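In what comes next, chain A is part of two complexes: it sits with chain B in the first one and with chain C in the second one.
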Partner chain A sequence: MSTVLAFKYRLIYESLSRFSSALSRSTTLDQVRQCLQGQIKYLFDYQLVRFSFYQQGYYVTFSLVPTGSNVVCGSAGLLWKHEQILSESHVPAILDDAALIADSLQPSQLRLPEKPTQIWGWHVAFSADSGLIVSVFSGGDRQFQPADVPILRIAVENLYAKILSIKLIEELGSKQQELQLALSNLQEKNDVIAQLVATQEAVIQYRTQELEHKNTRLLEVSRQHAHTIREPLSRILSLAYLMETFSAEEIMEEMMPMLVVTSHDLDKALQQIISSIDADLTTAG
Partner chain B sequence: MLVDDSAICNLMMKKVLSRLFDNLKIHDFTDPEVAYSELPTINPSLIFLDLNMPELDGWGFLKQMQESGQKNRVIILTSSTSTLDQARCASFSNVIAYHTKPLTQALVNSLMQTFQTESFSAGRLPATP
Partner chain C sequence: MQSNYPFTIVPYEEATPEVKLIYDDTKRALGLPFVLNWFACQGSNPLLLQGNWTKLRTTLVEGSVPNLIKQLIIYNVSAQRGCQYCAKAHAVFANAMGKSLGDNFVVTENLDSDLIPVSYRTAVKVVTKAALQSASVTATDFEQLADAGFDQGEIQELMAQADLVNMLNTIADISGIKIDNALLEIDS
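Let's look at the complex of A and B:
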């Protein structure tokens, strides 16, 4: 008898160590689901097992039957009827109310081999707002035994640690993604600003060139005007300076007519300049 | 030789110069093109040249002289007081003076004296008949 028992424990020990190593290789919730689906059946018998993880209002539920499994993430609404009771009471329970069992199984999408007659339930709180609600549906050929409880306990502790670490890595990943997003946002804004600055610079350069061009043109025009005025004016001055060296007769007969013509030339030059400035102002306005 | 598009300027210069030199032969032109074509025939000992003229201006006149190797001496007589114009004259070796109008008797006097000294030092006499 003791050799049979020893043999049984050795099997269970090996199964647990296989479960642990498979779990430690899992990096996503779906890989955890596959691990549970493949390994839990070697630890104890069940019609259906539920592992419902929660942390700060976030829930991950694993359901497994001998031939299938699923994993769902979401809110407290994912909890089945009996899990709601366990979540409030914190007291381990064996429930055998057929109506409650039927009620609990209602949301399940998995096919159970036989009708369960008992639910073994635990609420394992690992901190104030985080824990695991575990329930085993037992019945028919697949009866859960009190001797299975310590083994389940070890499996649950392993599982909780794994889910927590996956969640942490996900959070870090999403934080990093957020940072990356913020960074690329900044980069984009930076690009936009750089573009604005470049456009502004181009506009300023263009305007400056335009102004420089206008300035040069203005200088040229004013230089031209000065020349146009100075030509007849210098003639008048010449006449005036030479006046004293000429006789009265020469002045009256030769110099005065020259002075009149030259004064007219000066007047013409001034009028021409005024009208050209007027024209420029009209087109500019 | 006088080259100025203003007839009045030429007239005044003529009067002033003829009072200074009794026998001076003066050719005056208001059209620089004609003046340039007559240049080889007259071969003047001195040219008074205006800068601001329509068609062919003083610069064009000087350039043509330079290109055809005519070395007749030139005194620029212009109403332009621009230092830019003055600086540009330095590139023509036959320009011996740059003066701005208005004309005064004293200015013409000193111009002619400069010219005469220049001619002596160059071993040439002014072309007075």
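Let's look at the complex of A and C:
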């Protein structure tokens, strides 16, 4: 390790440790912003620092000057001019084109201590569609130096991991909310189904009771009217048995009229029973 | 400097149980396996020792400003005032890590290096002024700290080092304590 770098590490090892500790305690992007605002000044000098995180077209940008900071989420449109260049080239660069620096700073709403003369920029891709574009605006009394690069690299790796974890937790939270909502909908539907089933059971029970009642009544009615049928039927049977002992003339003259009368009696009895059952079923229904 | 004031070093073995508890607390908080003479010279008065240790712990050991900045402030003020005990002790604390890395680029001897972030240099400069010429501190000094990125709480914490170092220097000077041998061994 070079003397300069060793000296730099001596200076900032405690601050780097505090930065990592404060960052690990951050659970929201605004807390990350506050951590950066409080801790980065202990690590290296800058006029302005930009950390632009991206993943699958989603961007989070932190802008930081010694006296203020902000964090914005959105699309690739948030990238400043020099970041668009870094985004495409992936090549670390020290940019000192005054026009480009001015162009890049145009969207900034933060007050820089002095006019920067350089932009130190990196595009650190952590996967095919995710990474961090880092840029330090340097100049005047606040010069970013080569010895600061390894320190920045450590900070960037910590920061990327933190933003990723916050984003992941937010996504999990969002999924959990969706699941809760789906579960709630299922519960509601389940309740409706349970209600329908309960109603059906009640209807079936009612109908079953009704049928049982009708069956019972039919049996009772059958029992009550059996003797009404049996009497004319017995007479008809008796006449039938007697026919064997009578001559044809006797049957025609004496027994047939009796058979006709008795058959009418049976018919009347049956009609009475049917009427009675109909009346009973109608009343029960 | 040898003082006429009757400060007596109270070694750990001869301290009362109450003072031993405070000594142990200083060792734990500072990570030192021995009691600094600055505490041992107050061992005969547990009440003052406890009060001064509480002030030192809450101002120098705890807080959100890196300890290195505070050590550099106390070193710088002590060196400029001529308090040899504090200048030596706090130079050892500030440089400890640099020594262990085996280089000769000592922080206290390079306070103006542009490798040191502006926030450190501004804090050391402004708080040194507050400690040595407190009446001349103006709003501009506070603005310098704010421009360096320090918030209100950090500025209060930094300014607290000014009155802490004055207490540290006063007690070290009037007690006539010598730099701890154990500290010199760390520095060697």
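By definition in this document, the second predicted complex is superposed on the first by the 179 of 285 C-alpha atoms of A that agree within 3 Å, B and C clash if a C-alpha of one lies under 4 Å from a C-alpha of the other, contacts with A are read in each partner's own complex, and residues count from 1 in each chain.
Going forward, a contact is a pair of C-beta atoms (placed from the backbone, for glycine too) under 8 Å apart; a residue touches a chain by one contact, two chains touch by 3 or more.
Quantities reported herein were computed from a predicted structural model and do not represent experimental measurements.
Once the two complexes are laid over each other on the shared chain, residue contacts for A:R230 go to chain B alone; chain C is not touched.
Once the two complexes are overlaid on the shared chain, A:P113 sits against chain C while remaining clear of chain B. After overlaying the two complexes on the shared chain, residue contacts for A:V261 are found with chain B alone; chain C is out of touch. In the superposition on chain A, A:K41 makes contact with chain C only, while chain B stays out of contact range.
When the shared chain is aligned, no partner comes close enough to touch A:A99: not chain B, not chain C. When the two structures are aligned on the shared chain, A:S238 is found in touch with chain B, with no touch to chain C. Between chain B and chain C, C contacts the larger number of chain A residues. By the touch criterion defined above, A:F7 reaches chain C but does not reach chain B. When the two complexes are overlaid on their common chain A, residue A:R18 makes contact with chain C while staying clear of chain B. When the two complexes are superposed on chain A, none of the residues of chain A touches both chain B and chain C.
Interface residues of chain C facing chain A in the complex, by the touch rule stated above, are 64, 66-69, 97-98, 101-105, 107, 110, 113-120, 146-151, 154. Against chain B, the residues of chain A that register as touching in their complex are 223, 227, 230-231, 233-242, 245-246, 250, 254, 258, 261-262. Interface residues of chain B facing chain A in the complex, by the touch rule stated above, are 6, 8-9, 11-12, 15-16, 19, 52, 79-82, 100-105. Here chain A touches chain C in the complex through residues 1, 3-4, 6-15, 18, 37-38, 41-45, 66-67, 113, 141-143, 145, 147, going by the rule given at the top.
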